[in-house]
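Two complexes, one shared chain (subunit A), two partners (subunit B, subunit C).
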Partner chain A sequence: MAVEMLSYIERHSPVHRLTGVTKLICFMIWSSIAMLTYDTRVLTFLFLVSIGVFIISKVKLREVAFVLLFILFFLMINNLAIYVFSPQEGVRIYGTSHVLVDIGGGRYSLTLEQLFYQFNVTLKYFTVIPAAILFIVTTNPSEFAASLNRIGVSYRISYAVALALRYIPDIQRDFRNISMSQQARGIDMSRKEKLPKRIKNAASIIIPLILSSLDKIEIISNAMELRGFGKNKKRTWYRARPFQKIDIITIILFVLILIVSLYVTFHDGNRFYNPFS
Partner chain B sequence: MKRKNLSIKTIVAIGIGSAVFAILGRFAAIPTGVPNTNFDTSYGFLALMAVVFGPIAGGLIGLIGHALKDAIFYGTPWWSWVIVSGIVGFLIGLVSKKINIEAGSFTVKQIILFNVVQIIVQAIGWFGIAPTLDVLIYAEPVNKVYIQGLVAGGLNMVTVAVLGTLLLSIYAKSRSQSGSLTKDV
Partner chain C sequence: MKKPVIQFENFSFQYRSQTAPTLHEINLTIYEGEKVLIVGPSGSGKSTLGHCLNGLVPFSYKGEVSGSLKISGEDVKDLDIFSLSKKVGTVLQDPDGQFIGLTVAEDIAFALENDGAPQTHMFDKVAEVSKMVEMNEYLDSSLHQLSGGQKQRVSLAGVMVDDVEILLFDEPLANLDPATGKYAIELIDRIQNETNKTVVIIEHRLEDVLHCHVDRIIVVDDGRIIADMTPDELLASPVLEQCSIREPLYVKAAKYAGCELTPEMQPAHIESFQVDRCKAQLVDWFRKVDSPQPKAKTEAILELKDITFGYKPGRTTIQGVSFSIEKGEMVSIVGKNGAGKSTLSKLICGFEKPNAGQIYYRGQDISGDTIKERAARIGMVMQNPNQMISKQMIYDEVALGLVIRGVPDAEIKERVLKTLKICGLYPFRNWPISALSFGQKKRVTIASILVLEPEVLILDEPTAGQDFRHYTEIMEFLVELGRQGVIIIMITHDMHLMLEYTPRAIVIAGGEKIADDTAVNVLADSTIIEAANLKETSLFDLAQRAGIGEPKQFVDRFIAYDREVRQKWQ
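And then the complex of A and B:
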């Protein structure tokens, strides 16, 4: 009953061949564009590019389908919530109102602007999701830590990230073991229990997990101390790889995309693209 | 951080803490009904780590743990809330100077101090910063994000008040009390 999570998938593809540093920089550029812009044209372009990169990476849709389903569900709920809380948000943003379905002339009348706004919200996620998933499944965790160090994060903190990635599966296994043994004693955390009881039962699983993790901290830090971790100013990484020509080309390409996207988005003084005016 | 390097123990605490934070956030979060908000036990744990290992550890556990949880289990980090987790961890950590948990005591006065601080900090984080960032970054409707912030923040306050306090007092009991040894004459 292992719960599925995204992890590194070994493949031979141009995306995998890029160094972790390149992928990290590109992912950061990508997220920044997607955060800053609301321009439909830019978002559509980014979305198409990320689909293209996804195909190049040879990662199969089936391998990440569980996360995609989850995100689709989340987006659906989020869209519903936006509509319930603010059905005229699009009208406010775009400044016009084209009523499609008139519901008593009131607040909840469906407008073209609202549809367009929510389409953009959804598209905004769809531009980041393939990039984020790709970044996770094509970057070796150890190389990721090395890359963090390379872009200027102190190696101590990079190492902390490496430790976190290394120990997530272990702690997940501990969690399952503790949860199972507590269930064998009749302590249930699933939705069959009522909420207050459930919270109390959750505590009886969490406390052993935390105490055993604190022990782990002790053991690991002793081991690292013995090996002289943190003695020098620098540290080398087994997984770090030198830059290739393709890395430099990719980074230049992404910087260009960043500049063009920001220009297209902001040259009319507004981050929204308005087809209504 | 330039003046003094992080100790090895803090580094390991950040690493393991982030991993535990991610696992608790994924498996030990109990849904409440409002979209995307949970009764999230991981914040009780974050408060414990922040008090025990200090503000830098607290901040980084919040930041790294939340980013990893979002990335690994949900496909993409929700940056506005990731940042706030970091801020909350950091600010709760500031109280660690006043509460010397390693000395093995967690008195009523300290419990009150801890809870007052955590409520103020989380109010700033979840009621103020998180929804504001949501509006700025994602241009979501104002009333929606503030209600989400209120529900999530309120629940996190309760979680930290109940679970955080409980964990801290258990942790304090597991330390040997300072001055607990007496000299046999």
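And then the complex of A and C:
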């Protein structure tokens, strides 16, 4: 059910066994590479690896399908927007122009370069998204907080992030309940209603959601304070796990991937791989 | 001489946002190892008193303090909330909201983590404390999978890792089913006997707390302490009645029968209560009082046939449930936490679609109708009013459903004002909702559904968070609706409520209907009580001990009589 989306999924897999710190570092390396490079070879390699890791993690596609579709939808919009606002970006980057479909001989002519450029953009998404989803669903939120803290983030902020992640399912459940009960009062959120009215109607769901979430925040912050949260500069973590061999190996592996990717990307002085020259 | 651990001296407190003090001149001493119960109607200041003990007042809720409060000899002024939390461990109501960790072990260890305790020490301590509350086998379980009672044990363990001197329980029975509540009280008692900690319980379900021994009861009303005595003394006095706190039912019955209660009769517990002295009066009263008239049968309006439903394929939450409800009937749906009661109500409203079975309304199959179509006839009031309120002003909130339906303005005004009058909210009609208490907000949500004139009204725990007076008001008002033909379905854990107001009870256990009978018969059947985590009523015991042959009749007559007496309050 969609209610469970983006929350921790308990499994026994090598990916789950890694400590949160390792996963966080690896995820950061991964996204840096994906951000820096436009090299199709590197991106394809990363994409294949991330699919491999996904399989190893034993997380089922169906369990994250909703989020995945959601992101794909935005990816599509993004692609359209690139084409609308910058249809000759590929030509500018790769320096050549192979026109496939001539639309009035002007700006919106479809070129092979533009297609290739947008293919690379899409590929970038595809390398980061599975990694990001995987990171969230395989890291126990409390361990995640411990990891953030370990790499130097203040524990208050770490805990805030972890709590936010933890409350995602709760808020989804509340949202569902509230939306049902408001619909029962006659508030129509379906397509039968006109858009401006629907936006106005949405307020009658959002406001109770905010109010009841504020209630929750008050209760939890009282509960935390009553049990001494924020007393000391440092705190320890029940769930903290020491580094193991597999963690160190994984990190070394990722650093190697980073170095090789950057070398492949930049050795010709350009972060784009150019098949046209 | 016992050592005092809590000493209030001329203590007053005024919240910054309020114009009058919430607590006036409190003088109260609680000694080491004592078990004290604080009771009072809502808004009396009993929760504020608790907040003063754990430091939420004045550290989180700011305001003006005068007089002094000493906890184990130290003035609270010289402490901060963290050092106070090492002395006073608080178990808040609603364990769901206060869990911080994801698993049992983590949550128990939270206070230790904040102290920066080494990991090995945490493992040892968590193991030790979890054993004490019998949760040692669930250390790695996720908190969401636990039952209500288990959750409460975890929150208790979470404060006990700190070796606090005082355990403070803020409404520990709210949200627990009756049997679990009984167990919780026994657990508190056992922990206190084992550790000799000082225990302070804030709760308005007096009879349930008195299931175990309590040293003293403190009655708070209007920000002042109006009684501070042993349970026996308190129950023999008229104090509870004066500040509208519900007395234990057997005490009430004895008082109705005209018995003069004295502390020597030990009325604190039904087991210790010396019934012999008022036996004659009870039997006499039983003979004199009329038994209520059974209601005539009318037409069935709502009918469920073989409803089966599961949130996930392969796991059913509701299994083959059928029943039909007649016009103007008031029905309770009772059962354990998580038995499927709320799911059942969602199915009736169309929030969820059954996997099998039909729902009929006046003989017409409405299984395929949308939420909106059903909403024309069936209204649902959720447990938490904050989940329903979306407007700032009371009038607008109540009018919302009508405005959306496009009802003409003049008619909206007329219907809203009429509903506000029925719900006792008319004087507040131009108030912002934020100025209302929890109980008043609840009435606003009931009003906002009532204004739509549903023929079936479903209420989830309608009386949660209401003191006895408001409880009576809301319920009498629902009875009146019932008389006008509205079907009232209540989901509740409150056995008194079920017994008093709903002639019929449907008992759900494990997703199946295990009983559908009069409330009195349900509570007379020990197999049902056990299967559905209910609790027998002390009135049966009283009747039996007084030698009355028909205990069920006794209960019926008591309830009819009691309601008549209470109607005069209004």
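Simple rule for what comes next: the second predicted complex is superposed on the first by the 263 of 277 C-alpha atoms of A that agree within 3 Å, B and C clash if a C-alpha of one lies under 4 Å from a C-alpha of the other, contacts with A are read in each partner's own complex, and residues count from 1 in each chain.
Basically, a contact is a pair of C-beta atoms (placed from the backbone, for glycine too) under 8 Å apart; a residue touches a chain by one contact, two chains touch by 3 or more.
From a predicted model like this one, the values you see are computed outputs, not experimental measurements.
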Which superposed partner A:225 touches (first subunit B, second subunit C, both, neither): both
Partner chain in contact with A:160 - subunit B first, subunit C second, else both or neither: first
Broader residue contact with subunit A after superposition on the shared chain, subunit B or subunit C: B
Partner chain in contact with A:203 - subunit B first, subunit C second, else both or neither: both
Subunit B versus subunit C as contact partner of A:129, first or second or both or neither: first
Which superposed partner A:216 touches (first subunit B, second subunit C, both, neither): both
Partner chain in contact with A:183 - subunit B first, subunit C second, else both or neither: second
Subunit B versus subunit C as contact partner of A:61, first or second or both or neither: neither
Footprint overlap on subunit A, comparing subunit B with subunit C: 163, 166, 203, 205, 207, 211, 216, 220-221, 224-225, 229-230
Subunit A-touching residues of subunit B, taken from the complex the two chains share: 1, 5-6, 8-9, 11-20, 22-24, 26-28, 30, 35-36, 39, 41, 44-45, 48, 60, 64-65, 68, 71-77, 79, 137-144, 147-148, 162-163, 166-167, 170-171, 174
Subunit C residues within the subunit A interface of the complex: 54-56, 59-60, 81-82, 85-86, 90, 92, 94, 97-102, 105-106, 109-119, 122, 126, 158-159, 162, 311-312, 346, 349-351, 371-372, 374-375, 378-380, 382, 384, 386-391, 400-401, 404-405, 448-449, 452
Residues of subunit A that touch subunit B when the two form their complex: 3, 5-7, 31, 35, 38, 64, 67-68, 70-71, 74, 77-78, 80-82, 84-86, 89, 93, 121, 124-125, 128-129, 132-133, 136, 154, 156-157, 159-168, 170-172, 175, 179, 189, 195, 198-199, 202-203, 205-207, 209-211, 213-214, 216-217, 220-221, 224-225, 229-230, 271-272
Touching residues (chain side subunit A, partner subunit C) in the complex: 1, 8, 140-142, 163, 166, 174, 177-178, 180-188, 201, 203-205, 207-208, 211-212, 215-216, 219-232, 234-240
